[in-house]
Structure formats: structure tokens, C-alpha cells
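Below: one structure, written as C-alpha cells.
For clarity, chains are labelled A, B and C in written order, and residue numbers in each chain start from 1.
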Amino acid sequence: MLDITNEIEDSAPLKQFNITLNSYEGPIDLLLELARKQKVDLSEISILELTEQYINFINEYQDIHLEIAADYLVMAAWLTYLKSRLLLPKEEKSEDHTPEELEEALKYQLQRLEAFQSVSKKLYKRPLIGRDVFYGGSSEGLKVKYNITYSSTLFDLLRAYSSIIQQEEKPSNLTIAFSELYSVDNAIQRLKSIFGEVTEWTNFLNLIPKFNSNKIVNKSILSSNFVASLELAKNGFIDVKQNNVFGNIFVKLRKS
Amino acid sequence: MITNRDTKILEAILFASGSPILEDDLKDKMLNKKDFKQEIDNLKEFYKDRGINLIKTGNKWSFRTSESIKDELTIFKTQKRKLSRAAIETLSIIAYQQPITRSEIENIRGVQMGRGSIDHLMEIGWIKPSGRKNIPGKPALWVTTELFMEHFGIEKISDLPNKDELKASGFLEKRSAIATITDIAGKNDLIEDQDTEEEETLDDFIPEETST
Amino acid sequence: MITNRDTKILEAILFASGSPILEDDLKDKMLNKKDFKQEIDNLKEFYKDRGINLIKTGNKWSFRTSESIKDELTIFKTQKRKLSRAAIETLSIIAYQQPITRSEIENIRGVQMGRGSIDHLMEIGWIKPSGRKNIPGKPALWVTTELFMEHFGIEKISDLPNKDELKASGFLEKRSAIATITDIAGKNDLIEDQDTEEEETLDDFIPEETST
């Protein structure tokens, strides 16, 4: 048997804003951490307040980090829904669950996770073999007879089998690496957000994001923004003009 | 003080073995087997406040160093790897709720099991699969092992710390409070069309099996 | 009786080390080093008539089992060994795909087997032949035994995690699989990395640790 001693990795709780979501074990864990900041008994917690904190947290986090795990977004949407149910006047029994029931269910889930987190810490603080307490002894002076047993474990067996299956189905996964290239969708959104101020003819090149050191990425910035500007022109959002072939392109907001 | 021969025998075997020994194997070596209970209890009492203690875990007995001097024994520490918070939480959920399926664990933690929890715990030898739950899909049920009890110095699973409190608070029932977030995510591809939060899609969030 | 902290420390260190320890090293660990002589003499006296005694050899101290019971007491120690990689792979294929013929196993593993693995697994008592396959040559079919299930702690063959569960539990995760294997390979030489020499697998086993 493996003689392993383990240490819990300390996971950093909310320190300041630029924390990463990686320190949380999922949305419930994050909610729990936010709830702890309310510093009241979990059974007294204001779910409405907690919901707002969570949604704010996710929004701000998204502004900075863009990518966010689906789980967290789904929870945010669920909480948005819960919030609306809690705030809106009660409908006539059209739903299976009242907002209070949902609120109660969420509280239960929070309390249950908290309970398990706390016992897991207690459990891990127990004197552990190989870390706090040790076996020992020696059989010097006694007659010893040896016999052989096999210590292969179920883990070994499963691992052996898994490696066999894995060999059989080797080329099944293709992972597509995250692309740094700029998409047209992004460019459209970005241009839309800045065109409010572009009321005079402006050189297109001044409106696109700063180039970086990667040529291919730069090309994608240029082309995605170009396509985006054509798209916006087509929709009547902006005007585009080019005075001569290969000359500078100018754009401005179309006055409605 | 004159030490009884059986006491000496038990002491010597337990000392020489260096790892836990089955109660029955100990009894086997004694001259007066019927005295086992009394002998072992005496021994346990005798070593209670010493540098080594006699401990029962599962149905095995062993000498181990006293936890009261763990700080002085760090020289023997064989720290080899870290256990993640996910793994230790998963372990305690299995310990308290066993037998339990993977998706029940996920439900409590509110997050899908990442890699490296179940397989890692199994590699250490602390959990194992035991039977299957009689529900659609017949998922494997996980339980803790004897080795887990040995390593954590637990005599019986019912002795786990705070087990009664957890039970009294209803946290040991396996009801799913809110259908697992990931479950919901799997059923509705919400994320893809997230820019419009229409009331209709939001309705899909209503958990199917919420109970209060 | 209240045991002094230094007494406990000496006791625990002597016990945990398992081999004789230099007097100076023992002194080093004490809180009141000047009391060493008195402490160790007390301990020696304390264990004089017990199943384990405290002995000085040269300038080293150690606990050892008492001379007085050595003639009657034989300790059976178990030498633990791991199966060779060929054997554990073969065993896992039989476990999952039983009943199965030898050439079917070879097909899956992609290597020819000597008699070694199968013979050896049969010798341990984990597999047995069970009938013959109704194809030309009527090869023997292999299945796992009750003893196999006992050893690996499963109740039914169907308890073994299926492919999806292996995946979900992290066994098929490429990254973690590699990490795990190299981790272990570095620290404990669990499995001989040899595909060949089936006939000699018996000698390939690595004695691991011993216990009663």
C-alpha cells in the first residue's frame, strides 16, 4: 500500500477583487464564501442580498477575465430568476415551487456544503498515520517466518485496464486550442461601443485595437475590424468612405 | 509488577508487527483466549498516557506513536504529496454518506468532479467501489476502506466526528436540494444563447426535484 | 500515572525508528537533555518484565521483543509483492472480459504471452479455467475466482467500474493518468516495467513491506 501523507492545499479565500475563480470549488462554494462575509448565521442569511452579491461578483469578474466557467453563469442566471421571483408580486399558483421554497432549497444546499466542509477539515486534522503518528516496532529477537501475499490493489487493476482501453481508443480526442485571433463578432461589438463618439470622419486605423507583437493576430485584428465596419455600414449604422484605391478608409457614425 | 505471559505475548506481537493486526490473529496466539478482551483492555489502559498507544481501528489493533508528541516526531514524517481540497471534501462526503454515487457527491459539492478526486483517493487506498445503486444506469456506489479507518484512527464509521450533528441537521439525507447546477446546464444549452435572458428560458431553471 | 513529556518522546522515537538509535540523537530530541540518564534508566526499568524490553547495544538504544517469550512465539510476517505489469494487465482483461481465451487476451494486449502470467495468476488463485470455447482447437476459457474478489474487495464482478465510470473517476484522463503513473514510478517502484520475461515474473516481484 502506498504510504502517503497528505496535506490540504490551502485555498485562498476572497482576499481582494483580483482573485481567480479557480480558488472556488464551484458556484455553491463561491456563494458560501460570499455568505460567510455577511457574517450571520447561515439560516438567517438574506438570500436576496447574497444573490445580488453573487451576480455583481460574476459581472465584475467577467469584465476583467472574459472567460468564465459555464457553471458559474448558470448559477447567476438561476439566481437572477430567483431574485425576480422574490421581488415580483406573487403569481397565482402557476409554478410548482414558490420562491420561498427555492430560497429554502438554496439555503439547505449552502448549509449542507458548509457542514461537509467543516467536517472535512476536522477529519483531516485527526492524527494521521505517516504525518502525526507512526507505526514502528521491530521483531528483533523473535522467530519470524515469511510468507508471500500480493499487494496489488483494485486501483492497480483498474489502472492497468484503463491503460489498455486508452491504447485502443487513442486518436479519439482532438483538442482545439484557444485562439487568440480576433473574431468579427467581437469587432462588431467593440466598434458599436465606441462609435457613439465618432461623429466626424475618422481614419479606420485609429479605431482598431493596438497591435501587438504577433503578426497573425495583428492581421486578424485588421481584417475582423474591416469586415465588421462593412457589416455596420450595411446595417446603416455607420458610413464608410475611401478616396482612392488602397487609400485610407474613413468611417463615422451615420446620423439618423 | 509481574506481567502475565499473555500480556507479554500480545505486547510482543503488536510491537513486532509494525502494522495493525486482526483481533482474531491476536487471540490465536494467546494461552487463555477467553481473556482476550480483558488483556487487551488492560494493555490499552496501560499505554493510554505513554509515548506509544494501543489503538483499535476496524477489527484490528496496533501500536502507534502518541499524537500528543506529534511535533517532536516530525523527523519521521513522510510527506509525499498534497491532497487537494476537492479530494478531502470528496473523501469526507463519502465517509459520512456511504455508500454514495458520484453524482450524489457532485450534488452536495455543487460542482462536477474534476479529475483526480476519485481516482486519487482510490490510489491512496481510502475508498473503493462497493455495489451499484438500484436506479437507472446502476451507478457505482463508493465506500471508505479499512485503510481509511487505520490512517485516520477511526474505530467505527459511526465514530466519525460530528456524525450525530450532521444527521440531526438533516445533512445526511441524500435529497438533492437544487438539481445540480451542472445537471441543469447539461439539459439546456443556456450558455450559448445567453445574451437574451428571456423569461421562457429562465423558467427552465426551475429544479425538477426540489424538495423542502 | 502521569508520564513525563520526555519519557513519551523517548518511547515514541525508539518505537517509530524500528532500529537502534544513537544515545546522542535521543538526547537531542529531549526537552531536558540533562535528565537523559535518569529517563532512559526509568524506561529500561519500566519495560524490564514486559513483552518488549529496552536494550543498549554499544552506544545505541532500542526496543526489542522480550527474550522470555522468544522460544514459544513465532511471528508470521507477510512479504508483500506486486504483480508484474504483464500479470496485472492480463488479470484486468480477464476480470472485465471473462470468460476469455488466452489468444483473445494476447490480441487485446498486442503482445504474445509466455505461460508465465496465466500460470502465475492461477497459482495465486485469482483465475481459473472454466470450460472451453467452441471454436477450432477448443481453447480454455479463463475466469476470475472468489479469491480474486476477496482480495480486491469487490462483491460482484459487475461492481467493477465500467468504462464511463473509469473515465468519470479520472482513470482515463490522459493527463492525470500520466501524472499518476510517473508520480508513483518516481516514489515507489510498484510495477516492473517489463513486458518480456513472463517466465520469470515470479522473480520480478518487488518485496514491498512486511507485516504480520
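One rule holds for everything that comes next: a contact is a pair of C-beta atoms (placed from the backbone, for glycine too) under 8 Å apart; a residue touches a chain by one contact, two chains touch by 3 or more.
From a predicted model like this one, the values you see are computed outputs, not experimental measurements.
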Sort the chain pairs by how many C-beta pairs are in contact and tell me the top one. A-B
Which chain wins if you rank chains by how close their C-alpha centre is to the centre of all protein C-alpha atoms? B
From the C-alpha centres, identify the chain that is farthest from chain A. C
Inter-chain centre distance, chain A versus chain C - centres from mean C-alpha coordinates, in Å: 41
Could you give the separation in Å between the centres of chain A and chain B, each centre being the mean of its C-alpha atoms? 30
Rounded to the nearest Å, the gap separating the Cα centres of chain B and chain C is 21
Out of chain B, which residues touch more than one other chain, so two or more? 12, 15-19, 52, 63, 65-66, 73, 76, 80-81, 119, 122-123, 128-129
For chain A, which residues are shared contacts with two or more other chains? 1-3, 134-139, 142, 144, 153-154, 158-159
Can you tell me which positions in chain B touch chain C when the two form their complex? 1-3, 5, 7-13, 15-19, 21, 25, 29, 49-52, 63, 65-66, 68-69, 72-73, 75-76, 80-81, 102, 113, 115-120, 122-123, 128-132, 139-140, 145
Mind listing the chain A positions that touch chain B in their complex? 1-9, 11, 25-29, 70-71, 73-75, 77-78, 80-81, 84, 95-97, 101-102, 104-106, 108-109, 111-113, 115-120, 122-124, 126-139, 142, 144, 153-155, 158-159
Can you tell me which positions in chain B touch chain A when the two form their complex? 12, 14-19, 52, 62-67, 70, 73, 76-86, 88-89, 91-93, 95-96, 108-112, 119, 122-125, 128-129, 147, 150-154, 160-162, 166, 169-171, 177-178, 181-182, 184-185, 190-191, 194, 197, 202-203, 205-207, 210-212
Of chain C, residues touching chain B in the complex: 1-3, 5, 7-13, 15-18, 29, 49-52, 63, 65-66, 68-69, 72-73, 75, 77, 153-156, 158-161, 165, 168-171, 173, 175-176, 180, 183-184, 187, 209-212
What does chain A use to touch chain C in their complex? 1-3, 134-154, 156-168, 173
